[in-house]
Amino acid sequence: MSRIPVAVIGATGYTGAELVRLLLSHPDVELVELVGHSKAGKPVESVLPALAGMVPSGIEGGLVGAFDEERIARRAQVAFLCLPHGKSAESAVRLRARGLVVFDLSADFRIHDLAEHARWYGPHHAPELAPQAVYGLPELHRAALKTADLVAVPGCFPTATILPLAPLVKAGLLEPGPIVVDAKSGVSGAGREPGERTHFPETAEGFRAYKTGGSHRHTAEMEQELGALAGAPIAVSFTPHLVPMSRGILSSSYVRTKPGVDAARATAEAQALYAGSPSVAVLPPGSCPDTLWVRGSNRAHLSYTLDPRTGWMLCQGAIDNLVKGASGQAVQGFNVRIGLPEGRGISLPATWP
Amino acid sequence: MSRIPVAVIGATGYTGAELVRLLLSHPDVELVELVGHSKAGKPVESVLPALAGMVPSGIEGGLVGAFDEERIARRAQVAFLCLPHGKSAESAVRLRARGLVVFDLSADFRIHDLAEHARWYGPHHAPELAPQAVYGLPELHRAALKTADLVAVPGCFPTATILPLAPLVKAGLLEPGPIVVDAKSGVSGAGREPGERTHFPETAEGFRAYKTGGSHRHTAEMEQELGALAGAPIAVSFTPHLVPMSRGILSSSYVRTKPGVDAARATAEAQALYAGSPSVAVLPPGSCPDTLWVRGSNRAHLSYTLDPRTGWMLCQGAIDNLVKGASGQAVQGFNVRIGLPEGRGISLPATWP
Amino acid sequence: MSRIPVAVIGATGYTGAELVRLLLSHPDVELVELVGHSKAGKPVESVLPALAGMVPSGIEGGLVGAFDEERIARRAQVAFLCLPHGKSAESAVRLRARGLVVFDLSADFRIHDLAEHARWYGPHHAPELAPQAVYGLPELHRAALKTADLVAVPGCFPTATILPLAPLVKAGLLEPGPIVVDAKSGVSGAGREPGERTHFPETAEGFRAYKTGGSHRHTAEMEQELGALAGAPIAVSFTPHLVPMSRGILSSSYVRTKPGVDAARATAEAQALYAGSPSVAVLPPGSCPDTLWVRGSNRAHLSYTLDPRTGWMLCQGAIDNLVKGASGQAVQGFNVRIGLPEGRGISLPATWP
Amino acid sequence: MSRIPVAVIGATGYTGAELVRLLLSHPDVELVELVGHSKAGKPVESVLPALAGMVPSGIEGGLVGAFDEERIARRAQVAFLCLPHGKSAESAVRLRARGLVVFDLSADFRIHDLAEHARWYGPHHAPELAPQAVYGLPELHRAALKTADLVAVPGCFPTATILPLAPLVKAGLLEPGPIVVDAKSGVSGAGREPGERTHFPETAEGFRAYKTGGSHRHTAEMEQELGALAGAPIAVSFTPHLVPMSRGILSSSYVRTKPGVDAARATAEAQALYAGSPSVAVLPPGSCPDTLWVRGSNRAHLSYTLDPRTGWMLCQGAIDNLVKGASGQAVQGFNVRIGLPEGRGISLPATWP
């Protein structure tokens, strides 16, 4: 099979840079366009210094390109969009119109219900395109991904949260009632734009929550996907925290299970659901997944623990927010869409320690 | 008032070192004995290098001393015990027998119900002394501390958890049902003994839970104190996590409040309860306390946030585990016991950033 | 003695915040004005969250003030300027004109030779005031500080570098030739303004030099002070590095000593020179000072090591860049100027670990 | 070409784990034996948790094996030794006797002069084998590696130091005199065994030198390789430092160049020498390589900067100590030895940020 020509739009942010890292070593991909906005025209090496001496020859002049849909359509068959919410939808419309398969890493196409989308994100920027979109969590939507031309790559927190909860919800093992999700993320999740709260001296040696009170937009994805599995609405109370580390998410969900459902049963359900999923490892009951064990990899480590005194079950998921939580998951969806083995180019273990 | 001669037993671990730091600058204290076990006989400067050139002249030869109850009783009026659980009780018996006022930073005297103590810690090592002990959280037990001769200094997680929950429990604002406590601690909480999971390369860039399933012993303290305030048993499902930072605890409790109880009401209750407490700051509703804001200080920052969609209220407490969570709190209790202003010697703000 | 009323101008940056922390617990100081620029009018607690519940009553309304020289002169006797280079000189002129004693933490008055100043910083903003200024390193200029009305508080790198080199230079123990200074700083040295290279994800897990090629302005201070001690010009090739930590500087200078001068001799010279200096500890020959051992303190740890195979002597100095490298040193100079014990209010050991 | 069966001896330490990571995704390698010592018999997943669900089927029972030279020789053609110095030589003898090609990541065979070896490491454990060994820095010894059956994989500090210095030494551009090497390493370089100085709380927020005074053994490698290039002895005064990060080395060498040799000339020499070297990027003069830019990759970033005022030239090299400084370099040497493209399986860019 010849290499598939691919464009990365928004290549100079963190998810863009991570996509470039992964696609550079993907044996079936040829990177032909690295598009930026404010950094268009600059040498790729100066913007992404890890690429010193490694910029592929297909990148014209070794420069970050400007967004030119004609040129992109002429050169690439697949486009990955690493753009801010809102801008992404507009680019998707233009690239879909020229026939490209689009993987959108923004939230623009993740929420199927446009009213729900509007509630969290404001009016949709491409409502006509929204029905095409497939929610790109391969573990749950593998079949639909095989023919998808517009893929909404899931958010980082939803990925780490939905994966451990899905087996329980699907099997109907939970008591009703809103789920408590206490999730913790490394700082790269905030993106490349510097700010006061991600300035090193105010982040190192500090731990804090943010967007409390159920106000984080990723709530919508969690409720959509879990509700679809349950066949009924499921409410999620989601609180994100910032960890003084660069990469990684640990999501801790607290649920009440139906009588007799213990950690072994939950583990067995997860093992069954993810039996054919190369990116998921279900650890033994009572394990404590560590974000370091998945850093730099497209792996998700899941585990289940029951507190027998109180009846609360802890459902944990650990991922690298930039890989399984963003760019690696996009490549995984790409592999499914193209008909490649699902783990192609993204099967390395974590860079540990 | 002349200076009170004080001994620190177990001065070479982290809580011991922190006590030394605080007591060195306490205007009403004279440090006369620094006692160690495996490091007895070594120069204090070699064991606690931050003290280079600063070891007080009262420390004979500038050396870490061995445990010699006669000598300690002859030289000191107050002893702080920074010893492992179990060993502490034995030393307390010997020092109390010689009339010293004892502040025990271990868990040996924290649990009043000896059966409950045995359940979490095994048989008590000094059951005859246990009834004397006062649980040394000044914000809740100020009156009892004024005459206490044996003070059980609270654990770090319980301090960060009880402080925000106490106002709600005391005022009867919570619905019944086990409370979810998801707490996060810096690594110094694990003590000075190196181990695989606190080895830098396996801790930096990693985040994980530990002692899950309700197995952490600090649960007992939380249930004792909250139950006493409620006048009825309260169950706590407590999950600790390790944060890649040296100091700090953020405790996030998820509770269900009675109808009409919102974050403003919770905040008002806390402000009322802690009105005379110099170590507690109640932040405005919806604030996100940061461990960095209290690092190195004896402060506790509390806040309350309601998720209106799901009804879960988040009660957060941030402290420095070695100060308000251990040694600073011990000094605070000492001040109350001696009749000094509660904040004497421990009123610096955090070392920020 | 009644408390001396003090104003901090530029109180919302890192050196300002650190001054506030230290002055709040200084027994002979009353903080009466906290002045900011872009943050004037905001509650101090919102800008410096570590002060929640601790803003002194002397601060009107608990608000950051605007720069108003009349008001400052009416309320304060001493002003500490934590302003950007250039702006500081202008404020100093106005406050000196009203009789305040000024401690300037910028570089505006550090370089006595105005041509040399211009070479590194451009034309001087207050050349008429420059001759008044005393270089505020108490260990070298204690006598002059006692009557100084304008003190140029030394830079962080120069402090960590000059302290270990001064004894050797003063005693004439070095061979001629430019000194190699390889220094490493925590990120707080870059100030509170966020930027790409101090953004957490691009700083954690990274180590790099900056301003290489002898271009860092602190070179001028080093050469001025060492040259004055030598009575002849001394050239310094200074290379700063950024360490993924918040606070601390380790300066490593490589020098060639005269025949027979070993580490023991160097250590002895330093002990002699700093015998009356409460902020300096000279460690035994061959020691390796650690920035963690001085973090949060006004201490400088020095050491000397000779590589006998090659003849290079390593002279190390470790400080906290915000304390002994800035705000603590300013307070130390203030103590000398006022006639207080030199260590008043700044004699705590490091917050270790 | 069929896959080459490979054994990793000492697979449970950091360099072993890193080799496993790299070899798992190497298209021409089949991992058949993972041998440990104290952890033999344990599941690989429990010792190397990043491999959960990824242990190759060739590893019998998914268990860490014991050292059994017969079994290893029967199953593997190539062995990588990640053993402590001294033990490595003994294993090398036994595996070479059975015909395996051996890559030794210890220092046992790096120093060709046995007297020099003895001076730094004590008596050699396999002097009869030493003459066979090739120093496995492909950039300097590519030709010899093609037929080597025993490869001494270079140390981490020497790799980061020799690469930038070699072009200048080889071209005769340096003035005589001992070179100052001030190098900084992440903590993983200390290995997996926990200790007091690598315990998280005493490492985070601290920076310090260690093994000062020219006592670090890696000095011998630097002097051997640079001396060979110069055709005359070159002395190195090497001082290592510990950086609070997991991975990465930045080596800063200070040299005096011959008249007229500036950074542009040095850069040109390096570009010429490393023109065919896929792992080396020579950055423009005055650049500041960052360890983050090479983290997780087999890349070395080099740069040259002249301080025109003092004549000191700074020669910097940045690598990941576990990849280009150990396991990646071993794979690079393996590729050369086997006749594969030099970058096979190790050509990913850094995991940035």
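Per-chain numbering from 1; labels A, B, C and D assigned in written order.
Throughout what follows, a residue touches a chain if its C-beta (ideal position, glycine included) is under 8 Å from a C-beta of that chain, and two chains touch if they have at least 3 such contacts.
Here the structure is a predicted model, which is why all the values come from computation and not from measurement.
**Q** Check every other chain and keep only those touching both subunit C and subunit D; list them.
**A** A, B
**Q** Going by the touch criterion at the top, tell me which pair is linked by more C-beta contacts: A-B or A-C.
**A** Counting C-beta pairs in contact for A-B and A-C gives the edge to A-B.
**Q** For subunit B and subunit C, let me know how many angstrom lie between their CA-based centres, rounded off.
**A** Chain centroid spacing, subunit B to subunit C, equals 35 Å.
**Q** Between subunit A and subunit C, tell me the centre distance in angstrom, where each centre is the average of that chain's C-alpha atoms.
**A** Roughly 46 Å, centre to centre.
**Q** Taking the mean of the CA coordinates per chain, how far is subunit A from subunit B in Å?
**A** Spacing between the chain centres: roughly 39 Å.
**Q** Where in subunit A do residues touch at least two different other chains?
**A** Touching at least two other chains: 14, 186, 188, 192, 201, 204-205, 244-247, 290, 292-293, 295, 353.
**Q** Okay, in this complex, where on subunit C does subunit D touch?
**A** 178, 180, 182, 184, 186, 201-202, 204-210, 212-214, 235-237, 239, 241, 243-248, 250, 252, 254, 286, 288-293, 295, 305-312, 314, 316, 318, 353
**Q** Which positions of subunit A touch subunit C when the two form their complex?
**A** 14, 186-188, 192, 194-196, 198-201, 203-205, 244-247
**Q** Over in the complex, which subunit C residues touch subunit B? Could you list them?
**A** 14, 17, 20-21, 24-25, 48-54, 188, 192, 204-205, 246-247, 280-281, 283, 290, 292-297, 299, 301, 347-353
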